[in-house]
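Input: structures, listed below.
The two complexes that follow have chain A in common; it is paired with chain B in the first and with chain C in the second.
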Partner chain A sequence: MAAPLVVRRELFSLVNILGGISQLGPRGLGACSNHRKCSQTRFELLQRPNTFFHTAAYLSSTPFTITVTDEPDTLFQKVVVLVKAHDRAVLDSYEFFATMAAKELGITMGKVFEPPKDIERLTLLKSVHIYKKHRVQYEMRTHYRSIELLHVTGCTAQVYLEYIQRNLPEGVAMEVTKTAMEKIPDHILEPMWKDHPIDDKSSK
Partner chain B sequence: MAASLSFTGSARLLTALARSSALYNSFESRSFHATAVCCKNRAARIRIGKGDKPLTYEQALHPHQIAHRKGWLSQHASNLKGEQGAAERTVEDVFIRRFMFGTFHGCLANEVVIKRRGNVLVVCALMLQKMPPQKFYFFIGYSESLLSHFYKCPVKLEIQTLQEKAVYKYV
Partner chain C sequence: MASFGSKVFLLLGRTNVSGVGYRKTGNRATYATALTVNSSSTNKARGGKGSTGRRPKRGTGEPRTEKMALDQDWTSVYPAATPFRANAVPLPLRMGYPVKRGIPPEKKGNLELIKIPNFLHLTPAAIRKHCEALKPFCTEWPSALDTDAKCDELFPVKIQSTDYVSAGPSIRNPSARVVHMKVKLSSLNLDDHARKKMLKLVGDRYCKDSDILTIKTESCPLRQQNYDYAMYLLTVLYHESWKIEPWEAEKTRADMEEYSWEDSTSQKNILDTLLRINATGEGEEAEVREQLLGREEVLEYKDSVETLKNEEPSESNMLRYKEAVRKVLKVWQ
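And then the complex of A and B:
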């Protein structure tokens, strides 16, 4: 489909780019260069009449390998994911994403709440020399969001956390706290006095 | 020895001044220009003028509007509470901004935005259409490979081009 010839200041030309650069994925075709007039072929991604080219980063990942083992899976009573960022809106959208992912995977969610923010303030002198009474203050705000998952297996937790972490936005840090459940060791299952009855009644 | 050192020092200064001055008849008035540390209530603020100077959105809003009406130019997690490595990231950012300014000379429409996602460094920039696209692609590939080798991490450039600078207001 060719758009009609545009006779304006913006002049378009077709550029075949897929051969040249290897790393980046498919981009919009179409770039502006002066003093050349051609028709514009519409690429499926770009729908704009003014074509200015842009490049986008495509992050590729290697396919996962599935391993099957006989040893029993670790069981987690609680997995707490604490996310930190400077921007509250980013945390809102990330929380929506994480809760939706957990719901789709069928993971039981515990508390999803917002711990109070931390503000780190610095008070510095405003001027290079003297003027001690005039200062300037900077602050760094850290907002938190806590998501709790209850009663998950090791495999589920690993898959979910990997998915969550691959989609972590820039400028956001995550801390994961896992509470695992262990089987009680056999030697403390039964009380000791059942096997070895106490017989020092005649100590006097 | 001190005298000879000062002589070479002043000779170098004069040659630097000569190289930097565009017009040779300004050689008559030699002056040493030194800027003080940027005062905190004048940093990143462009003062109101006649009304003919165009400003982008980034330049028009002052730094106290960050997180209210402005976003962040450099996004990484090391300034959060309990995270390390803020100084290293800042030095990397300064180098990357100077590198982009020099490589795409005169083509930058707005400030460079640097994002760090995991290991990947994503550098986003708005460019003016001053060069043919083939040159742009060459520069993009060259910067990506050079910065990846320098910082030992994948560096990706996200470039978008415009006809002219997007003006927010005239000041």
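And then the complex of A and C:
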């Protein structure tokens, strides 16, 4: 069967969607801890009238345009999301959120497991001057959580990852490893020497 | 205007707002403490409620949780990531380490609850709402590619790259430019000579057990550049391995990848030995040699020697060789 062409959908603005659904108010925005989106959302929301606050009419009033292009979608065989934090409880909640989001969006999940934690310890001198025998020890614990998604298209991966990353709590880092599949490029299918043979001597 | 400085209010929000209004007239400092301090000069300007100039302290009133209905829409109470507000969360939470013979402190004014990131804005109802809105932007996975085997057959080239998200002075991470490209050599159009030459060119990057060639590119500063370089390398390797150079004709036995028994010292030795054992002198030597080669024991000996040389030596291989030698030399013990 020929390779199926999956059209690519452009994301209009994820901020608009989240702003619309969650009905962000100026109060919620002021205390927004996510620095990345703060300035962007504030500018957009100040333009919206406050009368549309907390009403369902807000959603239907602004239609989100979905543009479909003919560019073939990338296919990801595996997307592995590794989250790192200093608190195990935060990672538990985040894992629940990520797995539920994947289920709602219809993404098949592979393994969801917890790699063993890393503890980095330092031993420092307790006093500013002398007293070598008296030290103090600190440690930094990094807990991990790994979520594997299988058979994701490029558009779905972009949507899911952006959603996940915008809701990443403070103090949590993420590494996303994507394995994309591709066909063999056309110029590798046949050797180019067949039409123009260089040497006819035997190899061995 | 007179200095506003020491006039303070209970609520933080108020302080900020009034600070903005009076900022233009000189330096002032707004403090947020729970005490009201007397200020003599602003009395006349304000014309405040009391004759003493003190605004009566406003009570806090009952917390919002008392007015919350049981079936309210929680997604509108916590629409986005916000710190924990004890007055807005109708849960009897306690957090903190209890002092001796005590219980964990209550939620009112609890710093531990404010410090930890909360997921109150991501309740299942909120997630469902978000996903409903995100659904139109997702695309379906093609149904014909359900198994890994089909994917490998149609799309053999795998490109692996990593993205990093963390808080810090910069959102860039230099490790994000690394690209790993994995191909199975069996999916490329290579003949015997081309495959052997490709393996020699590639060296360590090939894994014999899984038949996967891995090309890791990190020399370029951008991921797109590294990807293009990896594809370029694959193209060059492929075409070079099909090329037959004139000096390849000088390939000696030592350059061979695998041990082959034909025309080897082992074959010469065994044939000489057998000829000497059966020294009858009839017929040509070449015919006798061919006859000997066709014999079953000699073929078995050939197999055992080849397995010993090509694969890792093990107990079973050695035993097989021993049995083969016994049969060829007809030594029964």
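Quick note on the criterion: the second predicted complex is superposed on the first by the 120 of 204 C-alpha atoms of A that agree within 3 Å, B and C clash if a C-alpha of one lies under 4 Å from a C-alpha of the other, contacts with A are read in each partner's own complex, and residues count from 1 in each chain.
Throughout what follows, a residue touches a chain if its C-beta (ideal position, glycine included) is under 8 Å from a C-beta of that chain, and two chains touch if they have at least 3 such contacts.
None of these values were measured; they are calculated from a predicted model.
Novice: After superposition on the shared chain, which partner residues are touched by A:159: those of chain B (first), chain C (second), both, or neither?
Specialist: second
Novice: Compare chain B and chain C by how many residues of chain A each one touches, and report the one with more.
Specialist: Touching more residues of chain A than the other partner does is C.
Novice: Go through the superposed model and pick first if A:77 touches only chain B, second if only chain C, both, or neither.
Specialist: second
Novice: Taking the superposition as given, does A:179 touch the first partner, chain B, the second, chain C, both, or neither?
Specialist: second
Novice: A:128 contacts which: chain B (first), chain C (second), both, neither?
Specialist: first
Novice: Which partner chains sit in contact with A:86 here, chain B, chain C, both or neither? Use first/second/both/neither.
Specialist: Touch status of A:86: first partner only.
Novice: Could you tell me if A:120 is touching chain B, chain C, both of them or neither one (first, second, both, neither)?
Specialist: Touch status of A:120: first partner only.
Novice: Should A:171 be classified as contacting the first partner (chain B), the second (chain C), both, or neither?
Specialist: Both chain B and chain C are touched by A:171.
Novice: Would you sort A:104 into first (chain B), second (chain C), both or neither based on which partner it touches?
Specialist: The second partner, chain C, only.
Novice: Which holds for A:142: it touches chain B only (first), chain C only (second), both, or neither?
Specialist: In the superposition, A:142 touches chain B alone.
Novice: Following superposition on chain A, which residues of chain A contact chain B and also contact chain C?
Specialist: Touching chain B and chain C on chain A: residues 9, 17, 20-21, 23-24, 31-33, 54, 87, 165, 168-173.
Novice: Which bits of chain A are touching chain C when the two form their complex?
Specialist: For chain A paired with chain C, touching residues are 1, 3-4, 6-9, 11-12, 14, 17-18, 20-25, 28-29, 31-36, 54, 64, 66, 73, 75, 77, 87, 89-90, 93-94, 97, 100-101, 104-106, 108, 151-156, 159-161, 163, 165, 167-185, 187-193, 198-204.
Novice: In the complex, go through chain C and note every residue touching chain A.
Specialist: Checking each residue of chain C against chain A gives 75-76, 78-83, 116-117, 119, 121-122, 124, 126-142, 144-146, 148, 151, 154-167, 171, 183, 187-189, 193-194, 231, 234-235, 238-239, 242-246, 248-249, 251.
Novice: Give every residue of chain A touching chain B within the complex, in rising order.
Specialist: That would be residues 9-10, 15, 17, 20-21, 23-24, 31-33, 50, 52-57, 59, 84-87, 118, 120, 124, 126-128, 136, 140-142, 165-166, 168-173 of chain A.
Novice: Within the complex, which stretch of chain B touches chain A?
Specialist: Listed in rising order, the residues of chain B that touch chain A are 36-37, 39-41, 67, 72, 75-77, 79-83, 115-118, 120, 122, 129, 132-134, 136-137, 140-141, 144, 156-163.
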